[in-house]
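Each in structure tokens, the structures are laid out below.
One chain, chain A, appears in both complexes that follow, with chain B as partner in the first and chain C in the second.
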Partner chain A sequence: MKLDRRAFIEILVGAGLGAGAGITFSPLPWKLTDDISIWTQNWPWVPVPEDGRVSHASTICQACPGNCGITVRKVKDRAVKIEGTDGYPVNDGGICPLGAAGLQLLYGPWRVPGPVRRVGKRGAGKWEQISWDQAISEVVSRLSALRNQNKPETVTCLASSDRGTVAQLFARFMTAYGSPNFIGGVSADDTSRIAMSLAQGERASVGFDLENAGFILSFGSGIIEGWGSPVRSIQAYGKWRSHNGNGGPTLVQIEPRMSNTAAKADKWYPVKPGTEAALALGLAHVIIKESLYDTGFVQSASSDFSEWREMVLDRYAPEDVSRTTGVSAKEITKLARSFAKAERPLAVWGRGKGTAPGSLYECMAILSLNALVGNMNQSGGIWVKSDDNDMGWPRIPQDVVAENGLSKARLDGAGTDAYPLAKYRPDALPKVINEKPDVVQALLVHDADPYYTLLDSNEVAKAFEQIPFIVSFSSYFNDTAAHADLILPNHNYLERWEDVPSPASLARPVFGLAKPAISPQFATRYAADTVMTIAKKLGGAVSDAFPWKDYPSLLKQTLGENWGALKKSGYMEQRPERPGRFAFYSKFQEPIELQGSSYVYPLTMIPVELIRLADRTVGNPPFCTKSLEETELKGGDLFVQVNPKTCFDYGLADGKHALLETPKGKAKVLVHASEGIMPGVVGIPKGLGHTGYDDYLAGKGVNANMFLGVVDDPISGLPATWGIRARMVSV
Partner chain B sequence: MSTPNEKDQVTAGGEQERVSNWRFLIPVIAFGVSFVIFLGIGWIAFPKFLYSEKEQPLDFNHQLHVDEMGDCEACHYFRDDGSYAGIPTIDNCIMCHEFPMGEDPEELKLVDEYITPGKEIPWLVYSRQPDCVFFSHAAHVRMAGMDCMTCHGSIGESEHSKPYQYNILTGYSRDIWGHSIAGFKKNPWDSMKMDDCAECHEENGVSQGCFVCHK
Partner chain C sequence: MKEEDLGHRVTQHHGESAQSTTYKFGMVIDLDKCTGCGACMVACMAENNIPFRKDDINDKLVHNYWMRVYKITNGLPFPDNEVCYIPRPCMHCEGSGHHHNTPCLSVCPATVVDYDPETGIVSQIYTRCFGCRYCMAACPYHVRVFNWWDPKWPEGMEKYLSPDVSPRMRGVVEKCSFCYHRFQRAKDKAYAEERAELREEEYQTACTQACPAGAITFGDLQNPEHEVYSLKKSPNAFRLLEHLGTNPKVYYTSSRSWVQKAADVYMGSQGKGVTHP
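Our next item is the complex of A and B:
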């Protein structure tokens, strides 16, 4: 037989099929598939930590004010994983996305490698590395020149808080140097502290016993979205829901937007934004009228009830409140009854993550609602804790220059006759500087990012331009550091010793001690040591105020007898205080008005806080930014959430660009049409629009603070801004 | 006349050719031959091609050391902090082998090439898992009470170091997939893939959550 064309094709097909079948019945394809997938994991450019001895080091996370206990897993000297510490009283083994991404804060390209001096224009990101001696002597020469000119008060220091030894050292430095302008950060906790000072005569922080509460009435608090100590709040929520629907606590969310917390609540009341205080007092009205309140507490542990009762009964009838809030009178009555009749009811305040101080009147209203049901220092209720920040350090010596400087009025007006209750008013500072440009000759920034976090970003940027000398102590090239003249970087929180005062929202305070989990990765120094060196070089009384050798020894000395126990376990549980007599606050106040005319700006813009988007002093690490949804950030464009009805009314289209404008700023954004927000309201995520950091964060989206202005709370003096009027047009 | 099995075919030239009835066997035979060849490639040639071999830096006698030292934990011990030391470093070897003990050339190599210059022995680890796997000896040995053999087999009885076979694509030791290319196994230590971990975790009611191992 000849091999003709047909036979050839037949052989070819037969052999081909045979080859296919043969291979299929062999392990080759299956094994090769597995191997190829493993091969792709081993490409040489995939970074793999070096192999070596594994060890663990425990410390405290300081990426947010939640202060969870964390354990860093290391291979040799490289940190490879951060996990929650089992048994730590705040988070018991849990961790949040930001905390888990903490290694990117440690190793990321946005770390400041050592002291640097700006060489280009401010914000251009051009730096030269200098020695520590050079950096410190530069600061010293500037500061001593100002002192010699008898102008110590023109030095201002901004910090994220005044709690703990490091912030207190900066405050001490300012006092010894002679400037009254140490300005700490403010949040909802500060409003709570002022509320407590009005209610019982002394400042105290407020804790919420979420774990044991039986009925949680949340006024916009993002319980599962980063409110309070985020992991602890989520764990409390998990505990409520562990009953599989059989008799677990009830969660009621009051918020104009269907946040995750609202979506997971038993009942969600979308109220007109800014009317939360009216709703709280409307509930109080029903509770008083139907005598559902705790008479025992009201009679024995409170004062001024009758005046308050009169005010509430007079002004907050459910029908009136219904008109203000948009919730029906029937629903208000029903909610008030279920709240008052529930076992261990608890009303929670602090919108979103609790970053914004908010309205004091609203805080007082909700606090009073708690008092009405008698849950003060009760299981599942509100716990009052001492606000003691005394370090037990020696008295600060002051020379004539310092005395003179300290006698000047504070720039932010806090504690003055105009704002007697406020301790710090950082948001007021930019306006003061822009009005009188030479009031701040030097700005020191510790553990804060005011360039990014202060309200009214355009005003802030302008103010920064007026300041001749800006020194940042930041570990990262954050927005403020990017606009500074000198950066004297602090160790990252995983590299340092530091006392960590209790997160405010806990019912039982937990004082923590952060320990270095890893040796410093760059030529950084303790900010506390840097400031003490500066003081020592300034000499005289300023130097005398710092009798310590270095920061670790100061910390050990300050913690005294607790040092040993803290070093061993990393924390110390503290006792809550016995609360004083609770005075009901009966001074009526109109709701905080929004800036802008409703005729020009018909919409209401509210900031929205997301758990996957850090919006405080730490920039969002790439891991978290990557987890944002396609309806939150797309490329470099930020989405704002708008109701489809609003889209229809204003000609906006889902997924398309629009120009968002408020009296304070305007920018192009993308529209996300969603039923999860009330008509007429625009929700803008906070945490994007950075100018500092690196390509993974800078230039993505817009900063929500750019649109917002400063509205002072008439009582507290802190910014009560909860939104602003806005308009949107399709572009 | 043509039989029913033989057909007349007209070729282009008009001549008739007789086609026999076994003609259909051509593709069948081609299929069969090819099937057998490729089966052979898949089962026999492929593993030979997929794996390469290296010798260990030293020929190590486990049996001898077990006899001398007592048990595995004498050298593969847990540190005071509970972590597992793994393969001993030369600090352990030096305790007995600071100077050569006997005449064995491997022994001399140990002392001359590693101990005297203070160089670690670059052992090729048969059981090395990928970097994405977190494995805790403490959890398995101390807490679950498993013995070494369950996963490592009878390596403790070996008198010579077997050659280290590794996958040329993935770079991992052949012992992870196991010597059977089809993945068959008789003993628990015959393969150490994720399925093997999961199987044992399931049998013992231990969590099979991703983050248990992929931390």
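Our next item is the complex of A and C:
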């Protein structure tokens, strides 16, 4: 039978109608409709947020060292939103993703509900809640036993900084107790302070007048990615771009990777990683040779110029620098001219967010560029600020035990003959402990997460195992708290009074006062009160060092006549200092070498800091983790960024797994092939791979610090680690 | 395609004597200023009770975002590669004609989608939605998201939920509302102060308020006193997929031509060389 077109269509339509009728009279549609309604109407849990009177409370954000003014919107006694405070001199209404997600830190399951004692193995996450009295007496019995054995120096305290009353109370406790081992955190700000002490004989912090600069030359600083005070830096950038593409300040970024800052810069120079100092001095060479420098400043306000000039002219000719950096001699000359001839030029340092101290030589080189153009304490330039941390507290009484303990050398070697310029060297501690396990008998950790943030994570984990007694004062179950024996939780930053010293990078310092925006949500206490109670229970001279009733009254007393004004407005603008005479530093130094042999490890791994990924003392809240790019994190795996050429050379495939290995550690990662990174370089985001917090963060990705080792800067003694050699194989 | 410019606000009379002002709220986003920091995304999630999950980073296709920052590149090899971030709220398409041809509105079988003639805001009535997701298919901007899971907050965290925005249930579609509750709040305040008209700063979306770079400007597109009015007239201004005739109320400005071209990426050769990483 021949099937013509008409019959074919008839059969088709007939079959279609038949099938339609069949389905209609079968239970299928009804079952489907039923399922749809179950699917759409079955709402076992949809919260109905309670309404109530709305109020606002303003305070200071302490989720990062940027210290923005924030306003908490409240409904009855619940905090429902965090917004930037309009008119606050740091951030004028703006907010960053971490700050905006602050309520997740406040209310999250990672909060420590009250004093807890470890019951399972360390890091197993098994805790029992105990009373504050029990918790404190446990610490006291341990500490007094060590004191009775005349070993007070075996108690070490780690903190993220030594600035402000609370950190100073911990430092004071250590001194009164008799241990020289109070160890604060270090960052690029500390390298700047040491640089200033070499340049003008006195430690001072450095502020950058971004708002008024006319030409910004950034040596790898993530100006719009969390550098300095993050919101303030982004706001400055927004102002530079208020000219609709015409005019406005010029931003030049020098970096081996196209960071967001490089992407938004007017000009991006991808230099070979680790050669930034050479480039800065190459620019100085051109500026000196062509007499483009500020002769007024150099002659009247600086010293040692001629030696420095000789060193720069001798070693950093553009042709030589071109070979080192990969930037052509012509480009170097052009950049030097445009920098020196620009109105209000400013050279900026501190790679990424400025978390890593970095090389002092590099910092000095860039600082000298600023001196060459004479922008010290000038509009749009570098501002020098006193590093005063004097609280005006009474002298610390010391008994014999304390005197004895304090006479011992610091474990981290800071301030000793080997490292005279360093104040703290926290990254050196793990190795010291691993070499001599009994040097630390007890570790107190305040407002820091050393288990996560210190370099060389494997060494850190090993060191923690050697310490018999670890006490954390953290509000959150961060990585360090998760490996502690006892947690005596502090209030969250939205629940407490605290003085907030000015972020270092501001040109005009702003001293803030954090006020409780909400009443404490858990059985937490001021860490300062806890440490004072411990001191009082220890008795004797230790107790005498703390004549205050409690922390809020101590704070009020310390702030003295400023208390009233601070309480009212929440901040106080401070005056920058007059800069001293600027001494050029002419001791030549070879660049910081990477660890590992280039034969075994042909690639260069550099850490990458992302603004949507917190990598300091606070873990990334879920909102921020959610906002990460799909080329940064997928499931439990972290992406490392490599150039497609590198992929080709080493047989790696975009989006596929690879084993990343450095002399310090290895782990499986995902490959993100990107044209935004120099061939041969591997970019690894910092901030993932936590073991603490909750499943919202823990176990996602790997900690970049596990791949990195500690490389001491020969002058500053701080870690100058900026990367490490690595290899990658596809798995 | 240029939308019809009325140049001034229209005051209408509803019913007997109730007077209300009509607006056309819109946004101008300066892509030269946008740093891709993501503050807008997080501020939006915090403002609008947007849920999150433990494995929220597994598949961006099923993620719940109202505001999402996209990253595009010019596709050139190192070191000529460039990237641009594009924050993408709902475009609140006006369409054309009296009935509007807002893509999502015209396909909704359940009259969930509403075009508010008073504000020009396209809103979603969650309780009517039965989750057919036609609107998601119709939206050329992928602004709509489906609730695949029950919204669940870890214990204690539901404390930060705002009573101004109802949490959505599983099985419904949701999207950016230009923080409509903020409009209502501002209107209540104006009413209490016996004012018919809102001031520019009284009604701002959460993302606009949060943006540290000042890249987002929000206001009444018809009001010459509002900043958006003049910003949208910039020669660098464009809208996404303008050729579709959706007439969106979100404008972008960029001084980079490849970014401008990428905005109409489906337009044949104009979009060539543009990739989405």
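Keep in mind that, in the parts below, the second predicted complex is superposed on the first by the 684 of 731 C-alpha atoms of A that agree within 3 Å, B and C clash if a C-alpha of one lies under 4 Å from a C-alpha of the other, contacts with A are read in each partner's own complex, and residues count from 1 in each chain.
The rule is simple: a contact is a pair of C-beta atoms (placed from the backbone, for glycine too) under 8 Å apart; a residue touches a chain by one contact, two chains touch by 3 or more.
Note that the coordinates shown come from a computational prediction; the quantities given were computed from them, not determined experimentally.
Contacts of A:K81 after superposition on the shared chain: both chain B and chain C are touched. Look at A:P49: by the touch rule set out above, it reaches both chain B and chain C.
By the touch criterion defined above, A:S674 lies against chain C but remains apart from chain B after alignment on the C-alpha atoms of chain A.
Touch criterion not met for A:V312: it reaches neither chain B nor chain C.
Once the two complexes are laid over each other on the shared chain, residue contacts for A:A100 go to chain C alone; chain B is not touched. Once the two complexes are overlaid on the shared chain, A:A481 sits clear of chain B and of chain C alike. Once chain A of one complex is fitted onto chain A of the other, the partner contacts of A:I382 are absent, as it touches neither chain B nor chain C.
In the superposition on chain A, contact of A:G18 is made with chain B only, not with chain C. Touched residues of chain A were counted for both chain B and chain C, and C has more of them.
With the contact threshold set out at the top, residues 36, 39, 41-42, 48-49, 51, 81, 83 of chain A are in contact with chain B in one structure and with chain C in the other. Touching chain B in their complex are the following residues of chain A: 1, 7, 10-23, 25-28, 31-32, 34-36, 38-39, 41-42, 48-49, 51, 53-55, 73, 81, 83.
Within the complex formed with chain C, the chain A residues making contact are 36-37, 39-52, 75, 78-84, 91, 93-98, 100-101, 103-104, 106-109, 111, 224-225, 230-231, 234-235, 237-239, 241-242, 244-245, 258, 260, 263-264, 268, 270, 521, 611-612, 622-631, 633-635, 643-645, 674-679, 694-696, 700.
Residues 30, 32-33, 35-39, 41-43, 45-47, 49, 52, 54-58, 60, 63, 69, 71, 73, 75-79, 81-85, 129-131, 150-163, 166-172, 206, 209-215, 234, 236, 253, 255, 277 of chain C are the ones that touch chain A when the two sit in their complex. For chain B in complex with chain A, the touching residues are 20, 26-43, 46, 50, 81, 83, 130-132, 167, 169-172, 177, 181-183, 215.
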